[in-house]
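After the C-alpha cells below, expect a handful of questions from me.
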C-alpha cells in the first residue's frame, strides 16, 4: 500500500487530495513556489518542499523538480490533481521510470485520448458515437469543402493540435467556407506549429454532459453517472449538476455503457471522464476524455457516496474496485458552483488580492472545498478559482434553493468574486426549469450581468455604515481626536445636558 | 402556508432553523436578550426583537415576552427549538390561544409525555415495553420494599417529578433499600416539592438508543430510524451515531414499529423522539419521549436525506407527510460530535469567552452547525454548546476516520473546547469496535482525560513560536524598539557583516 | 467650517450624528432621520437593527482616500466621505494636474506585459496604453482622454498593486 | 544584563536568534540550534517548515504577563518568556506579598454566586472561599494555603472576567 503521496499541485485540489490521504493514513507532501509559501496546501501537508519561483513554468510545470521532491521525501506515489502536469504523458512516464507510482492512467491512455483525431478514431472503432465529421487531418482545401458539403451546415473547423478556441471557425453557409478554412489554418500554424484541421458538425444547442468512470487494472470498469456541465463562460464550466435535467433513464444507461466502452478501448486505469455533446433530440456524441480527476468531481461524490480520490489511490495501489456497477446509485441531486476571484461584470477580469474576511456557508447539504483564508493573498500567477460550493437536495429544486441560500451566506471581502453572478444564475427561470444549453450565459447576458436591484433603503444604510467606519478610522488615526461631525454631536449633546439641568 | 416564523431560541439551533426557513421562502424573526445582541441568530434573521436582560428567566423563558414579539412582528408561527420553552405545555397553549401556530405537538401530547409516570402507563397500554418497575407513585415505604424485591436488584429509585439526577438512588442490595428510599424522597421534596417516587429495574450496561419519528395531523406516522446516543458525560450526550453499531435489522424494525405506536398513543404531531434503553441482550425499554427537535437530529438528516425542520414546518402548516415509511432508507453512516466551550480535563468546567479565531473543517461528508464567529464573545448565561460537527461515510469506519480528520481541522482559539477530548473518543479502540454503553466515559476515563502524548519536538517549536510572538508584541508595544535578544541578534549580525567585509 | 457629506454615485447627502446611547444611534442623512441599533460585530461587519429588521453590512476601506466599499447581500456600493481634508486634498490634486482622469491604473494586482506608449507620446481616447496580466489572462487599459503622456511609472515585467498609478497624462 | 529564557513547566531554556533572512531563521534554544522557515500566516498562526516537515502552530497571548498559550494539533502549552522586565515585575509582586499563590481567581468568566469568607477570616488549605457560576454550572474555588483573608475584591452577583483576582490572602 502507498504510504506517502506527493501532490504535484496547489491550492484547492491539493488540499482536497490531502484530506482523503489523511483519512487513509497516508502521509502527504506539498510542493510550492515562491508565491505559495503561505498557501493552505503547504500548511495542511505533513511535509512541504519548495520547487522554484512563482510562474508555474518555473515550478509546478517542471517535471524534474517535482520528481526530485518526490525522491528526496521518499514519496512512493505522485498525485497530479488537475491542470498542470495531470495529462502530461511524458511526466507519467518519467515518474514511473523512477519507480514512483503515478496516480493516473498509463501514458498510452493519456496519449491516445490527448490527440483529438486519434481519440475520434478509437471511439468510432469502439462504437461510441462521435460528432459527424472527418477523422483525418485534411490538408487539401477542395477535399475539405467536399467534406463540409457532405456533413451539412453549420460546421465547425478545428485545428487538430488545437485548444482554447484557437484555430476554430464556425461556418453557416457555403460562401464563407473557403475563407474560414484558410484563416483557421493560418491561426493554427501560428499557435501550434501545425496547420492541419478537422471538420465537425456544429451542434446549435448542445449540452455538455460527461460521465465519471472508475477502472482498475484488473479489467473492472464502472461509471458513476453523468454530470451536466453546460453552464460555461469562455468555454470554462462554472456550474455543474447531477443528475442532468435532460437525462432519461434509457439514455443514462446507454451513455453509461458507451462511457465504459470508451474507457475500455484505451485500457484505462483510474478515475476519468468521458465528455459528450448532447443535442436537442438527445443524440449524443463523444467530445473528449479527461484522463484525470475533474474540478466538478464532488457532485458525483455527493450523489453516489464514493470518495473518488480514495478510489484513485486504491486503484493506483493495484487494488480491485470495491464496487460493482449495481452498487452505485444516484441519491438526490447535487450542484456545484465554482467561486472565482474575478469580476463577472467586467468581462470576468481576474481579481487576485488579499482576503480580508471570509465566511463560509454551513448547514445541511452544504460542502465547501476551498483553500483561501483570512489574511491570505491570492497570487497573480495561477488559476482564479478559490473554492467550490456544493449543495445537495432530495430534489433538484431543493439543491438549487439550498445553493442560493449558501451563496447568500458566503462572504468574501477584499476581492471581487463570482458569487453574486452565480446567485443570478440560480434565480434564472430557465435554469430553474432545467432548460439550458452551453449558450446559457450568452443568451441571458442582459439579466446575468446587470447588478441586482437595490433592496429598498440599503443605500441609506450603506452611507451610514461607511460614515461610522470613517469615524472609527479617524479616531484610530488621530489618536482619539474626534473628527468634525463627531465633535459637533458631542457639543450639541453637551448643550442639551446643560439645558436639561 | 406559514410566511413568517419567530424562533423562540438562540445560538446554533436558532440559526439552523432559520436556514431551513430561508430555503422555504419563510421570513424569520429572532428574539434576543441583552447578552445576545451580537449573537449570530440576531444577525442571520430577517428581523430581531429584544426581549429582556441576559438571564434566560428574564428573556428566553418569559412566555409573554415571546408571544408579544410574535404579535408585534406579525409572525404566524413560533418554532421553539430545543430546551427553553420547547416542552412547556402551557406555552404551547398560550401561543395557540393567540392564533399563532406552535411548531410542535399539542399541549396534551407534551403533558402526557412530560410526566414520567403517565408516560409509562400510556406506553404499557400501547404495548411498548417499559423498564420493569412500578407504574404508580409509591408513598408507602413497606410497599416500596416489596416492589423492589419483586423486580430484583439492582434497582433505581427515581423521583416522579424528577430530572437532572436529583432524587435518584441506585440500590444494589436489600440492606441499602430503606435508607436509599428515604433519602430519595427527602431530596425530591426539596427539589420538586413532591416526594413521590417510582422504582425501576436498573440496567447495568445500557445503551441509549432513540428513534426519530415524524407524524402529521392526518394520522400518518413514520420513523426515520435510530440514533445511538450512549456516549454521555453527566447524563448529557456528546457523541451520537446512526445506525447504532449494536442494531440488527429485526430489532430495528421492531423498535421502529414500537416508536410509531408510542407516538400514535399520544396522538403525536410533528417531529419527536422515542428514547429507549437497550441492554446487553438487546431487550429494549421505553425511557421517555422528547416532544421536540433533538440536538442530534442532523445525523438522521444525513443518512435519510430528510430536512427535519422543513418537515416540522410543513406538518405545522397542516400538510400531509410527503414520505411513506417505504421511502425512508438509511444511506451510509453518520456521527455527530458536540463541541462544547468547556474544559474536559477540569471536570468539564464551562469556558465562555472571546473567540479569537475559528477555522471550521471542510470537505466531503462534513457538516458543521454552529453559531460562533471570530470576535464573538460566548456569554456566561447559556448552554456551553457552540457547534455540532457531523460527518458521514459509506461505512462506520469511514465516518469515524472522517470525524477524526475534521476534528483535527477544527481550530477554535480563545476558549477551551471539547475538541481534543472528542478526538480521544474517536481513537478509542472500543468506540471504534462499536463496543460501548452509557458508562463509556467513566470506564475509559484514564485514557480519555489524559492529554495526548507529545508529538516529538513540538515543545521546542512551541517555545520558539511563543518567542517570535513575544518579539512581535514587543515591537508593537515599544514602537519599534526591539527587545533585548533581538538587539543582541542585530549586533551580532552587524559584527559578522563587518568581519566579512 | 463645512459639514461632512456622504456620496454614492451622483447622490450626496450631509450627515450628522444626533445622539449616541450605547448601541442606539440617532443620525440624520439629508432630510431623513434614522434611529438605529448599530453594533460592529466583526472587523468590517456591522449589525444594524432598524425598525426591527436585521441587516448585516460589510464595510472596508479602499485604497482611495475616504472611499469605503460597502456590501449588503447583493448590493455593493462605493461610498465616499467628503470632509474638509478630502476637499483640500482633491483641490490640491486638481491644481497639480493630477485629477483622477489623468491617471491610468488597473483595479487588480498583476504583472505588466507591455507598455504601449512612451513619455511625450500623444494618445487619443480609447488608445490602449498598457497591457497587464493576472491569472493567465491579459487585460488592456485604455486612455480615457486625448492628450500627451506625462509619465510612465512602470516597466514591462513589473508586479503591480491594484489601483497603483501606472501612467500619468498631462 | 541577563538573557531571555523560555519556560514550559519545569523546563527553562535560554533562547537567541542567530540569523534572520526573510522567512529563514536560525535560532538557538538551550544547547540546540534550529534552522526554520517560519512565517506568520494568520493572526495567531505560524507556519513552520523544519527539515521539510510542515507545522501549523497557534499562539495567543494570555492575560498573564509574558505567558503565551501555544497549540499544535493535540498538544497545548503555556509558554512563559522570562525577560528582565518580567523578573523585575515578579520580584516586585513577591515583595508586596502579591505572589500568585496569594491570589484566588477563576480561569473562566462567570458570575459570583457566593463569597464564603470575609476580610480577616482565617482559612485552611482546601477551604472553599468562593463559588462562581457560568453556563448553568457552579464551580467552587478553594484556598491553596492556610492564612488570613486580606481582601475580598468581588461581591455576590458580580460578573467577573477570567483570571481576575477575586480574593487576596495575606
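We just call them A, B, C and D in the order they show up, numbering each chain from 1.
The rule we apply is simple: a contact is a pair of C-beta atoms (placed from the backbone, for glycine too) under 8 Å apart; a residue touches a chain by one contact, two chains touch by 3 or more.
Because the structure is a prediction, the values reported are computed rather than measured.
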Item to check | For chain D, the least number of touch steps when starting out from chain C | outcome: 2
Checklist entry - Looking at C-alpha means, what's the farthest chain from chain D? => result A
Checklist outcome for this item: Expressed in whole Å, how far the mean CA point of chain A lies from that of chain C is 32
Next on the checklist: As a quick test, compute the distance in whole Å between the mean CA positions of chain A and chain B.
Outcome noted: 38
Checklist outcome for this item: Between chain B and chain C, the Cα-mean centres are separated in Å by 48
Item to check | In chain B, residues with contacts to at least two other chains | outcome: 373-374, 408
Checklist outcome for this item: So chain D residues touching two or more other chains come to 42-43
Checklist outcome for this item: In their shared complex, chain D is touched by residues of chain A numbered 30, 37-38, 42-49, 72-73, 373-376
Checklist entry - Which of the residues in chain C come into contact with chain A in the complex? => result 1, 3-4, 6, 8, 11, 13, 15-20, 25, 27, 29, 32, 34, 36, 38, 40, 42-46, 48, 50, 55, 57-61, 66, 68, 70-77, 79, 81, 83-84, 107-111, 133-137, 139, 159, 162
Checklist outcome for this item: Residue positions on chain A within touch of chain B in the complex are 16, 19-20, 22-23, 298, 301-302, 305-307, 331-332, 359-360, 362-370, 373-374, 394, 398, 401-402, 405, 408
Checklist outcome for this item: Listed in rising order, chain C residues that touch chain B in their complex are 23, 37, 39, 41-43, 47, 49, 52-54, 56
Checklist entry - So in the complex, which bits of chain B are touching chain D? => result 341-343, 346, 348-353, 356-357, 380-384, 408, 411, 413-414, 420, 423, 451-452, 454-455, 457-470, 472-473, 483-486, 488-489, 492-493
